[in-house]
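The letters A, B, C, D and E name the chains in turn, as written, and every chain counts its residues from 1.
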Amino acid sequence: GELVINTDTSDPAPKAAFEALIAGFEAENPDVKVTWNLFDHEGYKTSIRNFLTADAPDLANWYAGNRMLPYVNAGLFEPVDDVWEENGLNESLASAKGSMTIDGKLWGVPYTYYQWGVYYRKDIFEANGIDVPTNWDEFIAAGAKLTDAGVTPITIGTKYLWTAGGVFDYLNLRTNGYDFHMALTKGEVAWTDDRVRATMANWKQLIDAGFFLENHAAYSWQEALAPMVQGDAAMYVMGNFAVAPLREAGLTDDQLGFFQFPVINPDVPLAEEAPTDTIHIPANAKNKEDAKKFLAYLARADVQTAINDTLGQLPINKDSQVGDDKFLQAGYSMLSSTTGGIAQFFDRDAPAEMAKVGMEGFQEFMVKPERLDAILERLEKTRARVYK
Amino acid sequence: MFPTPIEKTRATTRTLYNVALPVALILWLLPLIAVAVTSVRSGGDITAGNYWGWPTSFNLLENYTAIFENTPFGNYLWNSFRVTIPTVIGAVALSCMTGFALGVYKFRSNLLIFFMFVAGNFVPFQILMVPVRDLTLDMGVYNTATGLVLFHVAFQTGFCTLFMRNFIRALPFELIEAARVEGVSEIRIFWYVVIPLMKPAIAALSVLIFTFIWNDYFWATVLTQGAESQPITAGLYSLNGQWVAAWHLVSAGSIVAALPPVLMFFLMQRHFIAGLTLGAVK
Amino acid sequence: MSRVELTNVIKKYGETQVIHGVDLQIEEGEFCVFVGPSGCGKSTLLRMVAGLEETTGGQIQIGARDVTTADPAERGVAMVFQTYALYPHMTVEENMGFGLKMNGVPKDQIAAKVGEASRILKLDEYLKRKPKALSGGQRQRVAIGRAIVRGPEVFLFDEPLSNLDAELRVDMRVEIARLHSEIGATMIYVTHDQVEAMTLADKIVVLRAGYIEQVGSPMDLYKDPDNKFVAGFIGSPSMNFLNGTASGGTVTIPALDGMQIPCPASANGDVIVGLRPQNLNVVAADSPIKVDLSEQLGGVAYDYLKTPTGEKLVVETKGDEVIAAGTSVQVQFDPATAYFFDPATEARLR
Amino acid sequence: MQSYWKANQQRLAPWLFLAPGIAMFALYVIFPIFQSMSISLYEWDGLGEKSYVGMGNYVELMDDEAFYTSLKNNVIWLVLYMLAIPAGLFVALFLNQTVRGIRIYKSLFFFPFVISQVVVGLVFSWFYDPSFGLLNVALGAIGLDPIAVLADERYVTYGIIAAGLWPQTAYCMILYLTGLNAVDPEQIEAARLDNAKGVKMLWYVILPQLRPATFIAVVVTVIGALRSFDLVSIMTDGGPWGSSRVLAFYMYEQAFSEYGFRMGYGAAIAVVLFLIMMVYITGFLWKMYQDEKGR
Amino acid sequence: MSRVELTNVIKKYGETQVIHGVDLQIEEGEFCVFVGPSGCGKSTLLRMVAGLEETTGGQIQIGARDVTTADPAERGVAMVFQTYALYPHMTVEENMGFGLKMNGVPKDQIAAKVGEASRILKLDEYLKRKPKALSGGQRQRVAIGRAIVRGPEVFLFDEPLSNLDAELRVDMRVEIARLHSEIGATMIYVTHDQVEAMTLADKIVVLRAGYIEQVGSPMDLYKDPDNKFVAGFIGSPSMNFLNGTASGGTVTIPALDGMQIPCPASANGDVIVGLRPQNLNVVAADSPIKVDLSEQLGGVAYDYLKTPTGEKLVVETKGDEVIAAGTSVQVQFDPATAYFFDPATEARLR
């Protein structure tokens, strides 16, 4: 029959990856005709609500964790425990099983994830005699050297807020650890808690030391790439998807490097941020049978190897091959050795409204650190409302 | 005429004025000129930070073909036409009828209905957003040009009715009475007498609605998603995310997006201004 | 050609009544002119006959039919508007043929009728033009042509000439008179122009505030007005009105230095004496009456007199004997040319 | 049937002509207004069941900093947007001449109004860019530090308003140009004989005659200010940290944005905005009613 | 009160010259009226005196001053416009006082002057109203009041009454005459209304296509026109013109059935004979001249005659003796009342 797939993979690499994925599936299942609707990346976040209720496709991509909670609660996603069961995904995709489980059921199939960390200009570090920092003091010191050299240590564009969320996640994971972070994003801890204040104090230290790009609130994350390309900034706390545009802008692998976010509190185990992308069957889908076939296909080790090669990201299936790109390798080894836990991302771990208010607060804090108390109180107020 | 015609003033004032005019114009349009110039720069100029100097090369063709080749820009443009043209036709047709009914006939609720149209036209359209979106979803035309057209036609009918009704009011009523005395039915009066007389109003309104709808951004974001149905305004904005720091492409896109209404304005200037001042409201 | 009969016709706009029970018969082929001051209801009455205004009360008959509630189209009337009301987007020909076309008359018949009307009105060479390309007089002729073409029983004109300049107005007036004698249809004509009313009408209807004051032939109204209003309204310059006191068949006029003239025996006590400027004559003489101003118009002159009572008096003279302003004069006239009115009812005393 | 129509066509015709227009307008404009009012009493994420919360949304609104920020910005918009009116008048006076080519000048000055606000927004974001924007190039030229207009809560709203003033001034200019055209030349001559010159002439004779143009300019400017959405969305997306939000934008954000989908709350904001606008609509209708009566 | 003197005044709009070297003296306190066909330059000339149009060549003097290039406000003139040009947003009072206010006159003085003007013009009860709430005549009075208040040396009027209806026009005309005699200022008045020109003027200036045709008192122009244009322009109904052939002091008029009348010896060959309708008389008689139409206006009647040559003739009669259309008539007149003009130059032959 006909299989309708909606995705938001409109950027060049993801688009190519899906083209290949679908072609492969069709080749193996000649009786299935796939219709693929490609959505604009930003618009997809709102359109998914519409098509899930009004005109459901048979498959749609989305994100793991809290981000899928509203649709699960609204009964718009189909549980796919049987797919997992029949295809042995419980083993092969074990690492992501937790983030796919709500109320004891599995709601989709993950196909890729990618690491976050610090991307940096190797050549600038070398020129200023800086080694890759592994702990907080070295990090601060590196920043100081860069500032002295007239280079902004960290570039960032917070116009669309979420980049600030990434910074917060890392500071909080390193200061208070994974469990606290998850408790916070689940609304179990007050934002006015002293531990949050400790995270913010660390952040303030960076701000006061002039770590971040000036006027970052005026830029999108892409615009913030420019100073790094031009050599005016040295580091970017980002996901792996930043590598492609940086390369495209002319940076070579000799100039560009990656390191794990440095240790702040040596007492907490290192946790990482690695958002997982997933595919789901809407509850109102018409052709669930073929959809499940597609999910099984997508979960296969070889398929995940291929798709992530094109995406430049990491496969979930433990039997897949990780591409030999140096950043992927670095990410893979970092994530597979992580003991502290893997977070999705601030706006996937926290509910949407909390995320919005939170990230807005982070942005404000980055510009006006003296308003910390007011900001935290605001977040706390929102917490009280959102998680009731 | 006020102020004093310049030809009646002293020679120095005249010279000053003749110099001030182009200078003022350039200042006024500076942002646009900058965009136009940037749209022919090479990518090299942009990365080299040559935003304000003389372009090192003129890449008119390259840039303008680039925006069509690598992105769904052509799609967006086509969607704009698919939304704008039917809306213009629909809104003008509906409002010719409502304007005629409200302008010609005396009946008790005439003013009330008229005011309903006028008031509706002024409401902050945000208040319509949630229900209209639901309605569009329920009708199954969400994310289609049809959905946008239906809404625009309905909403613009408020403004167009105001416009048409006032225009018809200003027509000599004797023309209609003359036709009545001659035994012409009301529908034929509308078709044979009133419509031909409304040609200038129809022209003015069409141009005006064309620009309004072409430039609409809000409803485009509310009622459509994605390249296969979004018009150019929304498209430009999402492409802005893709063309990171490719300012020459963004500029070229902006220029193309601005071109149809600008052309429309230039070709139909008289009608356009008549429309603005007669209708007097956006 | 039909007679038109109004019976107790009433018009109200909301609460305000503007036509108060008008009774009127217009005979077949008659040229009837409505005159009266602005706002008296001339147009309203005409439009009620046309069916463009609803009739609030009473009955309107055209020919043998009661058309009180009929549609304009069904009354067999044609109307010529003050503003011509030509369709600007149609040629002269199309304008004239439009009504027929809309009523499904075959093309060749339309052409024939339009041709005939255009011949009568000498419009042949303009048939292909749009109204914009015509002069005022030509437009008015087209408007009349449009009315003729449908061969109506009754023609209605609402101040058809008031938008023309003085000279053209004279020409068109003559033309309308010719038209009436040629096609002989019943015509109702509204005007506020004295001269048009006097020269065109078989019958003049003088209206005032929604009431008919008097109906009659032009010369009847001029020579034998029923009341002060009609007397003052018909004739130019207007009739002079002076206060007088009557007793025993003689009236004393203080304004004319106590002049006494005979009057109808019915007059008693206060009366108003009406004197037409044309019937007066002045001679220089010692008198309390002074010439305030004298206007020489070449062939004719108007002397404005100030009387001792403060009442004003206009005298029309052949412009030869100029009397300087400030001169004392005596007023002379044939007492038989004086009219008398009751000051309270304004009715004529005979 | 045929004869019934013939006899009553004057009574029936208006309804026949009105029917499609009214149907569309009611469906898409009138009903939704009331629906919005009703939605504002619910909590609803657009997916599941609505749950009735009475005035809950409004109560929350009263205690919402972001709402007050938006409201305050709306007031700033309302006030500063009015500058388009004198500015438009000024430009119109400047251009109200009959020198050669003036028509082209007038058209070119009108340009900003014709192009989309999206383009205007992009152009101005660029103009304000802290590193290479024209504004900061100019500031740099006179030795001032660059200002990141759109990243600074102190300036951001003003920066967006300035961008909005650009097309709006062009609009007011056209209104005034046509207004000036309609000024009775004999009155100007009479005033010249009365020795009214320059500013005095403008103040005592011209401006009063431009009152209709001014009225229209005020109406469209107020409505433009209250509806302002496009520029905010494009230039800052409400930021930094929501400090450039206006009600229209905030409501969109609450109801539809990536992190929003609080339909009820959004509807409540829209209702507040609607009530503010109602003040002006009522005023406008009142004036129209007076004019209609005067006919 | 000052005299106004124009010396060789010229006006060009671009290349087209509309005033061709006009020389004119207007004495102190004189009432001077400009008449002429539409487009002849009346308004232009007046506006040049006011300073509202630049003077291309020549000199304009008001009183002793050369004001050719002076600002309108500095010429000591006041103007009353055809459209009144009242400031719609000011009350009557403010309208009248505006000029003084602009000249920095203290408030109490303004109030005094406005008060006086309003008394003269009987505007006291309207002082607080806006122009919209006034009738046409009242508005015109306010416009005049505005002129008076500034106490100008010269008043300029550009067709001030042409927007009023017939009756009101008569009243206002009388009012302006009274005003002139009361304040005695120099006044220049443009009109195309015969009656206004004849009744108001001390001196009429007849213009034609930018040239002065004749200057003189109304009666001079009526009785002794210099050329055919003036003769035809002054007098109402217009003078009849018939072709004739002169030889040896006698002219033969074919239109009047070959009637022969004496004429000046200077006439020879073709001449044009001018006959005023007022000077003609008709009697029924066997003749090729027929009455085409007869209009009865009450006091007076016009007979339109058709002559054998096709020329038309209007005769004014006292309306008593009605002659039916179609009757053959003979035309009688006193040969001394005939005028003669050269057909080529149109100059009067005396």
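Quick note on the criterion: a contact is a pair of C-beta atoms (placed from the backbone, for glycine too) under 8 Å apart; a residue touches a chain by one contact, two chains touch by 3 or more.
Molecules present, by chain and UniProt name: B = sn-glycerol-3-phosphate transport system permease protein UgpE; C, E = ABC transporter ATP-binding protein; D = ABC transporter permease.
Computed from a predicted model, the values in this text were never measured in an experiment.
S.K.: Within the chain touch network, how many edges lie on the shortest path between chain A and chain C?
M.R.: 2
S.K.: By mean C-alpha coordinates, which chain is most distant from chain C?
M.R.: Of all the other chains, the one whose centre lies farthest from chain C is A.
S.K.: Among the chains here, which has the CA centroid at the largest distance from chain E's centroid?
M.R.: The most remote chain is A.
S.K.: Note the rotational component of the Cα superposition from chain C to chain E, reported as an angle of 0 to 180 degrees in steps of 5.
M.R.: 175
S.K.: Between D-E and B-D, which chain pair shares more contacting C-beta pairs?
M.R.: Result: the pair with more contacts is B-D.
S.K.: With centres defined as the mean C-alpha position, give me the chain B-chain E separation in Å.
M.R.: 55
S.K.: Could you give the separation in Å between the centres of chain C and chain E, each centre being the mean of its C-alpha atoms?
M.R.: Result: the chain centres lie 28 Å from each other.
S.K.: Between chain A and chain B, tell me the centre distance in angstrom, where each centre is the average of that chain's C-alpha atoms.
M.R.: 41
S.K.: Touching at least two other chains at once: which residues of chain E meet that condition?
M.R.: Counting only residues that touch two or more other chains, chain E contributes none.
S.K.: Residues of chain D that touch two or more other chains: which are they?
M.R.: 6, 10, 46, 205, 256
S.K.: Taking each residue of chain B in turn, which ones touch at least two of the other chains?
M.R.: Expected reply: 49, 185, 221.
S.K.: Okay, in this complex, where on chain D does chain A touch?
M.R.: Per the stated touch rule, the residues are 45-48, 60, 65, 128-130, 148, 150-153, 236-237, 239-242, 256-262.
S.K.: So in the complex, the part of chain B that touches chain C is made up of which residues?
M.R.: 172, 174-175, 177-185, 188, 192-193, 196-197, 199
S.K.: With touch defined as at the start, can you tell me which chain B residues reach chain D in the complex?
M.R.: It is residues 1-3, 5-7, 17-18, 20-21, 24-25, 28-32, 34-35, 49, 51-52, 94-95, 97-98, 100-102, 104-105, 107, 110-111, 113, 115-120, 122-133, 135, 150-151, 153-155, 157-158, 161, 185-187, 190, 211, 214-215, 217-218, 221-222, 232-234, 236-237, 240, 247, 250, 254, 257-258, 261-262, 264-266, 269, 273, 276-277, 280-282 of chain B that touch chain D.
S.K.: Sort out for me which residues of chain E touch chain D in the complex.
M.R.: Chain E residues touching chain D: 50, 52, 71-73, 77-79, 81-83, 85-90, 98-99, 102-103, 146, 150.
S.K.: For the complex, which residues does chain A have touching chain D?
M.R.: Going through chain A, the ones touching chain D are 42, 45-46, 49, 52-53, 70-71, 73-74, 76, 158-161, 214-219, 347, 352-353, 355-356, 360-361, 363-364, 367, 378, 385.
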